[in-house]
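Across the two complexes that follow, chain A remains constant while its partner is chain B and subsequently chain C.
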Partner chain A sequence: MRLSKSIIALFLLPAVLIYLAIFLYPTLRTLAMSFYDIPSLSSKINEWEFKGIQNYSDLIHNSYFIESVRNVLGIWAIGGVLIFVFAFLFAIILTSDVRGKNFWRSLIFLPNTVSAVVLSVVWLQYIFNSDYGLLTTVFNRLGLTALANIQWTDNEHIYFSMIIAFSFGSIGYFMLILNAGINRIPSDYYEAATLDGASVWVKFFKITLPLLRDVFRTTLVLWTITAFNFFVWSATFGLDDPHTVTPGFYMYQKVFGKGTSVYSEEVFNVGAGASVGILITVAILIVTALINRLFPKDRLEY
Partner chain B sequence: MRNSKFMQRKNLWPAYIPLVAWLIFSVVLFGWVILASLSTTREIFTNSLIGSGPKFANYIELFKSQAMGRYFMNSVIYTFASCIGIVVVAAPAAYILGRVQFRGRVLVNAMFVSALAIPSLLISIPLFSLFVEMKLTGSIATLILIYIFTNVPFGVFFLTSFFSSIPKEFEESAAMDGCGPIKAFIQIILPVAQPGLITLSIFNFLGVWNEYFYALIFANDSSTRTLALALQSIVYGYSNTGNYGGIFAACMIVFLPSFIVYLFVSKRIISGMTIGAVKG
Partner chain C sequence: MNKKTKSFGSLLLAVMLTLSVLAGCSKSNNAEPSAASSTSPSASPSETVAANASEGASAEASGLEGKVVFWSMWSNTEPQAKVIDEAVADFKSANPKVEVEVKYNGRDINKLIKPALESGEQIDIFEQDPGAALANLKDHVLKLDELLDQQSIGTDGKSVKDSIIPSLIEWVKSLSAQAGLEEGYYAIPQQPYAVLFFYNKALFNKAGITGVPTSWEEFLAACEKLKQAGIEPITFDDAYRSLFIGGYLGSAMGSDWTDSLVKDKTGDMWKDPMVLQFANDIQNLKQKDYFSKKIAGNKYPAGQQYLALGNAAMYLNGTWLPNEIAETAGPDFQWGSFQFPTVPNGNDKGGQQGLTFGAQGLLMNKNSKNIPAAFELVKFLVSKKAQEGMATQAVAIPATVDTKWPAPLEEAAVAFNNAKLNMPWGAGIENGADFSSGTVIPVFMELATGKINAEQYVAKMAAAAKKFYSGK
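After this line comes the complex of A and B, so read on.
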């Protein structure tokens, strides 16, 4: 269809302006800021002091930041395995002949629609509570007093507790993606394999897994983006506990955090926060490129 | 045969074990939190939920002395205003991208897709400075604008495929009736694209209702706070004073609206989700 140039411009302009002002300009500005020492969020550009890569080399020598990187890599690896195993298990079950697929799918996706604050409070104040909590009650009933006495939210356990609680709320989304991927595989393949006398396991390993390679790659990239930007749960579940701090949360505390945190003794510098944002983005780009290397696009058409 | 991938129905019972386990876990959580929200703190600690019958005192207290009503209204305003704003900005752009051939279309398309990969953390600092410079902080409008702005790229991306699937005849007959392009878009195309607009708005509803990061940065004072942020500060206060019944009642107030929406539209969310995910 053809329309006059002025109509095209009129329809596109608001969205394009928003893209330029809200996405492109801030991205470039954050990149620029990461090379400067900037005393406050409202500093004019002439108050910026050029520092070269000083902000970045300070970060690498900052033990809090290194700790936060370690935390986020652990979340990426442990949370990734947890989420993927359960998401894939449910995705496979829901492509078999079980009854009530729509119900199960909605039920497993439900936690993804709940506010992270609500999920965190329910996990902290009910499931992990050491007086009346779900885990304590169940373990006591079973006579497992050693397990019942674990303080799930103390310094030693809060990191793993957070990963478990967070993963529970993310399984549904990845289950849907994997489920849709399995459903796209033509059933002829399975029918032909069945006629040839292939067992369930042969069909799974020779048909399902190889044909899901593209979907695995997409899932892995999506998970990497989610995990590297990990922020909300450090704030809602970790509640400033240094054991749950990720680079994203470190950046928030450095730039927007008010007062009481352990970082307040560091000199306030918005530029350092910007360089954390840049590092997160660069890390995502690198890992995505690696994933695309490891799982090259499937040449197989179906 | 269409749905059975590699398992036969007869020995399917082990497949129900994880499903039923998930169901039991969800029911226990949901049931316990509801009952706890209707109980006193003493009843929670003595394992005798609603021992003296269900009481709404926790809820009444939240609305009376914690101004939960105001935060609830804040979140309702944020959610509805931004859902409408996103469609108003994204639909015309998606219409052009989905149906009209023009030079630079590939570039504009790539722009919006690339915006989907830009993390909110990365743009948050300049965004905050920008809003301070334009004196846009500290009011309800701040966060509404932020939500509209940051959700436009996904809206454009999501609606483009909807618009491109509408048959060309609609505009052709509109043109023959002497309808201008703007009138044709509003009166003919938008009603046809309604299912897409509704699915997008449901996504935006859930996304904005539960949003945390931008709310924390742009609306964290007592007059503009969202319900989720209010929940966090109420929980903080209540856990210091030991009002555990109130904590769970506050959770229910934040949870129920999104849950009720989800009950009615879960099928739509799930099918929309997989369209977006597989194509992306």
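After this line comes the complex of A and C, so read on.
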């Protein structure tokens, strides 16, 4: 049956309208806002003051913001390596014939079902705490006093502590996607390779990785979006500490205030927050394009 | 693979997911009633009668009717909410025709109130920090001058205005001019707070310290005695790092100086001898181990728990501290407090006359349709009975005069009496926005943990300030 173009348009209309209303309009409005100085989120448009690219040039010259960009790139790179190494490892172990794999898979995924705020409080107050935290207690038991005396949340360690805590919770999510991808690869290849005497490593590098390229690319894009919008952990771990601040949290500070000390004089500029949002969006688009360039769509995919 | 394991696995996953979903629900469930708790639980009949009798409910007030909406800054699990519920119940028994809706927003009110007022939602009374409210909401606040002359409830014929601690109500008045409003009273202060050193009296006694330190010298002597007794003298949390910097510099030079210090574009102010003196004194505290070693990694509330558990003796914080950690500290914890000690070589603009103090405020909506009934409710909220309730149940300082202060805060009265100047949070050290959070506080932590010495501190701050502001 052939549908006329107008019928197709009619069926597409609701989806397109919803898309325009809840995605495109806010994006365009944020873009517009980024060129203004706006004292509060609820300011009327006539209270906006046009600033041109002032918000952007302020950001580039702001060492605090630059630090936040450096932080987020580090999170993306270091956290990315940590997460993907473990996610791959677990995904492969779980696709082999290990006993109780559904149990393990659920267990590894479990942190994803807990609110990030709860997880970060657990890490901060029960694992990293230097009085009664898990690390301190365990190291003391083992007699490793030098390690036990490390304050995991001081200026030197907090950044890596945060990345470890965050990565711990994120592995399961990416593991699940990779796991599904590996499961879709026909087992014939592995059987043939096994008959030819290929080792586990050879099978991984010659069969699994190449055939997983598409899935890996998708997870990499997902990770980039997650990392560049890194927010909750930055807020709970460092408050506004420059060692842990990220552009996402910086944007929040500009729009909603720091909220740590209600009684201090705060300068709100929603416009500056909007320009951070635009920069994050642009950064994600660029990195995604690069990833697509590096991992072109494969002819063989499962 | 075997089917049992699989089904067990999926069952487990299902259970976990359900739990997480339920956990999510329960959170919102908790929030919902607080948002929608339209009517406060009515007091039991006997209580109502008693309240009626004791308040001597004014006959003329009972003619009020209509609906009054009150947005509170507390959440319904906090002890303050209980006191408010009781006050509302008293109000309702005196004014049965008035319908009262209390919405417990918690501190989210700071984000919700402006859009709500602007969209014309019915809010007759709301709670806010008066300084912030007058600055942000000046088109919505009602001038209360005439209403304040009405007789207050439970204070032997005093007007509402006279029933409130004078320094507080005058402070609220001084805010009106700053906000560009016609001079007058736009808020009724409640829950006054001040930033003070809180200390564990038992530990002070154990170390043989007889009086609270008022000068820096006495402060150091007290620290030494504590250290000799095997007690860590001072601790603080990451959230309150700025208070220590501001406490010292504000005590030496006053908050205007501190404010201009963090906004100085040339960086030269950081070369002031006072900054070096500050850096030397902090270095001294670090070298003599007067700071707890944990300050480097303390994540709020780890430090205040450390104080509550009796491991450290002093903690610089707001007067809300004893209430916040009451559960850990236990009922036998003996609280004491004193102002940040006076620092030598200052410019006489700081010292004990300056204090970071303030209050929450009850404000009224200019566009309220039911001002008489709303103000009557306000009177119940600041009645002597309600304020006594705040003191006993929420360990808050009562706003009314001649009301007994809660025991943990009794010594705080000294500071309130000394105070002539109101200093901003951290004596203005956080007013440098991104420069404060990105440089001032972390570099102070390097100094306080011995990563850099006093001279390096001065050089680093001067250079960093110049660099930060060069792009502006």
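We adopt the following convention: the second predicted complex is superposed on the first by the 267 of 302 C-alpha atoms of A that agree within 3 Å, B and C clash if a C-alpha of one lies under 4 Å from a C-alpha of the other, contacts with A are read in each partner's own complex, and residues count from 1 in each chain.
Here is the rule we go by: contacts are C-beta pairs under 8 Å (C-beta built on N, C-alpha and C of every residue); 3 or more make two chains touch, one makes a residue touch a chain.
Note that the structure is predicted; figures quoted are calculated from it, not measured.
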Inset, instruction - Answer with clash or fit: chain B and chain C placed together on chain A by superposition. - result: clash
Inset, instruction - Tell me which partner A:Glu191 touches in the superposition: chain B (first), chain C (second), both or neither. - result: first
Inset, instruction - Quick one: classify A:Tyr19 as touching chain B (first), chain C (second), both or neither. - result: first
Inset, instruction - Could you tell me if A:Ala146 is touching chain B, chain C, both of them or neither one (first, second, both, neither)? - result: neither
Inset, instruction - Pick one for A:Ala235: touches chain B only (first), chain C only (second), both, or neither. - result: first
Legend entry - Touching partner for A:Leu294 - first (chain B), second (chain C), both, neither: neither
Inset, instruction - Please work out whether A:Ile280 is in contact with chain B alone, chain C alone, both, or neither, and reply first, second, both or neither. - result: first
Inset, instruction - Classify the contacts of A:Phe90 with the two partner chains as first (chain B alone), second (chain C alone), both, or neither. - result: first
Inset, instruction - May I ask you to name which of chain B and chain C touches more residues of chain A? - result: B
Inset, instruction - For A:Ser42, decide between first (touching chain B), second (touching chain C), both and neither. - result: both
Inset, instruction - Could you tell me if A:Phe256 is touching chain B, chain C, both of them or neither one (first, second, both, neither)? - result: both
Inset, instruction - State the stretch of chain C that overlaps chain B in the combined model; pick it from 297-305, 333-341, 351-359 or 459-467. - result: 297-305
Legend entry - Set intersection of chain A contacts, chain C complex versus chain B complex: 41-42, 97, 102, 105-106, 109-110, 113-115, 125, 131, 256
Legend entry - List of chain C residues in touch with chain A within their complex: 1, 5-6, 8-10, 12-13, 16-17, 19-20, 23-24, 27, 107, 110-111, 114-115, 118, 129, 131-132, 136, 238-239, 242, 293-294, 296-300, 302, 306, 311, 356, 358, 424-426, 428, 430-431, 433-435, 437-439, 441-442, 445-446, 449, 451, 464, 467-468, 470-472
Legend entry - Interfacial residue positions of chain A with respect to chain C in the complex: 40-42, 57-58, 60-65, 67, 97, 99-103, 105-106, 109-110, 113-115, 124-125, 128-131, 151-155, 157-158, 237-243, 245, 256-267
Legend entry - Residues of chain B that touch chain A when the two form their complex: 1-9, 12, 15-16, 18-19, 22-23, 26, 28-29, 32-33, 36, 44-45, 47, 89-90, 92-93, 95-97, 99-102, 108, 111-112, 115, 117-130, 132-133, 148-150, 152-153, 156, 168, 171, 181-182, 185, 206, 209-210, 212-213, 216-217, 228-229, 231-232, 235, 239, 244, 247-248, 250-251, 254-255, 258-259, 262, 266-267, 269-270, 273-274, 277-278, 280
Inset, instruction - Quick one: which bits of chain A touch chain B in the complex? Just the residue numbers, please. - result: 1-5, 7-8, 10-12, 14-16, 18-19, 21-27, 29-30, 33, 41-42, 86, 89-90, 92-93, 95-98, 102, 104-110, 113-118, 121-122, 125-127, 131-132, 134, 137, 173, 176-177, 179-182, 184-185, 187, 190-191, 200, 203-204, 207-208, 215, 218, 222, 225, 228-229, 231-232, 235-236, 248, 251-252, 255-256, 270, 273-274, 277-278, 280-281, 284
